[in-house]
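Structures for review follow.
Next come two complexes built around subunit A: one with subunit B, the other with subunit C.
After this line comes the complex of A and B, so read on.
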């Protein structure tokens, strides 16, 4: 048992070292960190709480006074972009957590117990994943009403299937291994075996998946808001792009540029981070 | 037809554009390539309750009457009728003679595929179809309670499994092959307008019988055009060809002085239609439509709001760049009104006129005009738009918000008197709107305006059918919408505030004011007269002071057309206009080079 513990510790330690040694990863991590801090500050009202204020003439172009220019109502596009960061990050975080909770719980149960339980859960997940994603999102948005909650729920409740599949597979692989048998032998219960023994061994999958889920949720939120199904009444990169669709005809490029740049940077950062995490954590890739 | 248009279909209102492919310019005959900005439901007159569908229906089908193409104010003239009807003294019996020798287009529904002659009985059939309870025609409201015996007929067959069209209806009879008689249950001065609306156009029972449910996609009419291959495939491109058996209908030789001066009578006396085929492209987004126009693939287009400044820099004249290409600008006011309706089922709004007045005062219409209509719309003081009797010239409503600081003070005062000082105690008000970009922006603007006096608004976007459903099921607090005239009579606007018309009728706000209802009831059965106008104005004034809605604007349409498109005039009732349009092919080939 002791060796086992030591190994797992060194895995995380090792992963951290390998992450920090790659400059791109460090940059990606810093970007994610900056976005998180911005989102946190904005949600507590310390910055851009007055994003809806009219600060100048309608459609003023970017200048030293108005970084990123102004929108149709003379609101600062910069402030809107920052405020939208809060929405995007919160959507990423909440749906990421939801996905992990549902995916890991159901996946481990299905994989660990097998049999009828597994059949039912597999049936359930195939059903959910066979429904076209966007349709499901729209119908959930209609049921719970539009707004941030709908976005959280619709993304969280639809995107757990991938993680479920992975976790279930890992559990099937692990549940008959020696260390689990040993745990059974010394009288460990199911709960203990699932959470104490198997889960830590498959947790790297959860982390990688979480980071990829995060950026997927951000992208989805933008699409939903672009279609008018997302957040209502607060800025979102999606609604900004939707605005820009018409403004481009006037030659107003700044709202589109600000929203897409903000989105691109964070999505790219998460993708790089996800990749590096996989490289660092996946035992199969170790040493390559 | 119920033509509620999205609050911001602004210029898309005249959403028909003509496309004309340069490559195809040398094929035989003239092609008029048009485009519309919205999907078309189908080709069945009884379901054509939006402007886009009814325009398509009217290329193929015809009615007893139509609007004179070149006369303003709008004048009804006979179309399939031989002449205007003989009206009995009590104004209740209308007798029409129908033109002889009018043929339905050739179609497999008829013996040997040859269209038969149109007879009075066809109108009896078509109007019964509109009333058929099994079909749920969307234009039934138009005749509901108006024709003697028709409601009873409808009611009877609501419960029976099949509908018997043979059963005679007292108020709807073919006296002989070419004579049609309507008996009205009560005076209905707008009746003749109803006969110019596609809902009452003539269909052939053979076609209805043959195609059944698919009749929607198999139009068989008497009109100037027929759909190519006889089938509407619900595609984004609809091709029409000249109906070879179309009667001798001539381009008018009379016109209002203004149109005469503009030389619109050049084609006087020529046989209609003037083009050999019409291609309608459905292009929903503004920008692709606009680009198509610029390439000369579209003959006319309404100016998208975001291109307005480049195209019409001083808001009056076309920029030299466009002038040099021979493009014309046509500006005309639309018979419509945009508004934010309150749900009067809610006690909050129903009993609190001061709250409504406060909100109306806080809503700065001038800025919204600038932001959304390029400052070209007319701020609405009340419900009736300029151009029809009942609109009060130079009247300024005391509750029309215009952005002045005094009004804001007054609004705050009224809000306090209403029991909500600085908005305290007032629940969050939801504002529902359609889901297009501009309607959302209008919603955000409303939110901003209300925030000025401390009222908290939440904007919710809905797909169009969803919004309509929400309104009908009274599941709204406030919503933004617009109304375009069905016919040039203030009654069509005032009915939106008539209590008994409440949802699912046209009065979506559920406003119910006994005084207004009483006046409306009186005016609705009066023929056009100064007395009726006085009543209309009185109602219009009540509608302003009681603030059942926050009024928006009356829009103007800005349409650009290419030099080779002839005979085009702006119209609020543009069903059937394609037959009058002409193309100068030679000029087109030349001018396209300049684009």
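After this line comes the complex of A and C, so read on.
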């Protein structure tokens, strides 16, 4: 007979166990963790604070002295690549949070209230998603001007549509369930029902989406840099890859290689993590 | 509800969305965007010059008229003239559409064919090492920036090996091939990753359905089940996914066209962005918005036609 002390495992507990039992997922999580620590250390100035220092001749190729070679100003490509982690992780984090805030707020309101509110929000959603992402991205970056803020805002304000659709759908499915009716019966208000009762039940979608948004933002930063709308003054993988336009013709491949490799590893990790999270958290996929 | 009335109702719903797209474009370019005359005239322009240019470009018109102009252009396709080339924008778009589609259409057909074949193949061998390997390669391909494919492709295969033209464009069938081959290959590589993943999921969803179990219990071969049953049912999702991509084919690819010097719509848009050529950017945004909306309707209608289970509501 089972004792009462033995608590049954929650969804999150199960999910954590299933994530931890997969070796690839653990590696992906470790990579994300390492990148986060590097970004944190670099933003506090503990490492690579001297990335802009000239350490040797312009465009010195990779050697035992200069691990990843040097750039046009004789700066270490390795230090720049590490420093750029900071921008990449902050772009992923900030646009991920913006996407979640907008998508979850609008999606839960539309799904929960329905009726006219829903119609207006769905109209807004259809409108925004009708303009191709890249056009919208360019337009917003254009208004805000160059720089990190433009990258944050243009990515954050354009990427919420997918999450909106998912969250709205889930709220429509959930709002008439018994547990919500029970909350109504004991006098729970709309605000309480949305955030305290329904949202935790659909939060796995938010987490999966956040992980995928993170890597999408890191990749998009490259495109914005190419369009001349990216980060200024500090190195980013986007500007480094973009610099390679002129460098490759002279055979200087190391800056492109370093930035691409650094980016690929973390984007791949987030992609794998997103997939594993979906497998672990989405009950519909259980047993497949 | 009959199909005709369903189509009419869907088309009716298009109008508020088109008005919305126009409103968004209006807000972006006529209300909140920085004054384009400053970047056109430079920092040292006098106040009189700025005012004169604003008048000439129609920026002094009342806001509601500026909005009305955008809405009108969405229905008449009269986008006015480009600020930088002074050409009729509609003519520019007609000219640019052909080079864009010369690249996107072959790339599109080949990549759909390739992705569907690969996903059928991995769905057949689901759960094996092969399946996992292909999915991993797809994700890995997706993890590299599209700019890197373009840069490396252009540098290595065109510049170093001389297999293709580095950049440029030539009209007429045999002449155009060396210019568009590499862009087409790059687009295929870029789309294979996400496409195979999507089609594979669609097919795996079907494989666990009851009708597949029935087919199996009838003693049909796994191959017959894949091609006759699963593929047919997966087609509904595949068609909707594919049709929604068509507007983007006409739009062209911004990055690829500008890198390979192809005089298409993507390159044109990018040039307009760099020179603050608002009418051209606005025209492209309006057009691509309308194309997306219409193809959404087409998808919905196709859905109903292809799949009798979908109810008209």
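The criterion applied here is as follows: the second predicted complex is superposed on the first by the 279 of 288 C-alpha atoms of A that agree within 3 Å, B and C clash if a C-alpha of one lies under 4 Å from a C-alpha of the other, contacts with A are read in each partner's own complex, and residues count from 1 in each chain.
Going forward, a contact is a pair of C-beta atoms (placed from the backbone, for glycine too) under 8 Å apart; a residue touches a chain by one contact, two chains touch by 3 or more.
As the structure is a computational prediction, the values presented were derived from the model and not from experiment.
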item	value
Side-by-side fit of subunit B and subunit C on subunit A, or clash	clash
Which of subunit B and subunit C A:228 touches, first, second, both or neither	both
Contacts of A:115 with subunit B and subunit C, given as first, second, both or neither	neither
Subunit A: partner with more touched residues, subunit B or subunit C	C
Touching partner for A:72 - first (subunit B), second (subunit C), both, neither	first
Partner chain in contact with A:250 - subunit B first, subunit C second, else both or neither	first
Partner chain(s) touched by A:45 [first = subunit B, second = subunit C, both, neither]	neither
Subunit B versus subunit C as contact partner of A:58, first or second or both or neither	first
Contacts of A:146 with subunit B and subunit C, given as first, second, both or neither	first
Subunit B versus subunit C as contact partner of A:239, first or second or both or neither	first
Location of subunit B clashes with subunit C - one stretch out of 20-28, 74-82 or 470-478	470-478
Footprint overlap on subunit A, comparing subunit B with subunit C	142, 145, 227-228, 242, 245, 248-249
Sites on subunit B touched by subunit A in the complex	286-287, 290, 304-307, 309-310, 370-371, 435, 437-438, 440-441, 444-445, 447-448, 451, 458-461, 466
Footprint of subunit B on subunit A - complex, ascending	52, 58, 72-73, 142, 145-146, 227-229, 232-233, 239, 242-243, 245-250
Subunit A-facing residues of subunit C, complex	16-17, 20-21, 23-25, 28-29, 32-34, 139-140, 142-148, 151-152, 155, 159, 204, 208, 247-248, 251, 254-255, 269-270, 273-274, 281, 284-285, 288-289, 292-293, 296
Subunit C partner contacts - residues on subunit A that touch it in the complex	123-124, 126-132, 134-135, 138-140, 142-143, 145, 215, 219, 222-223, 226-228, 237-238, 241-242, 244-245, 248-249, 256, 260, 263-264, 267-268, 271-272, 275, 288
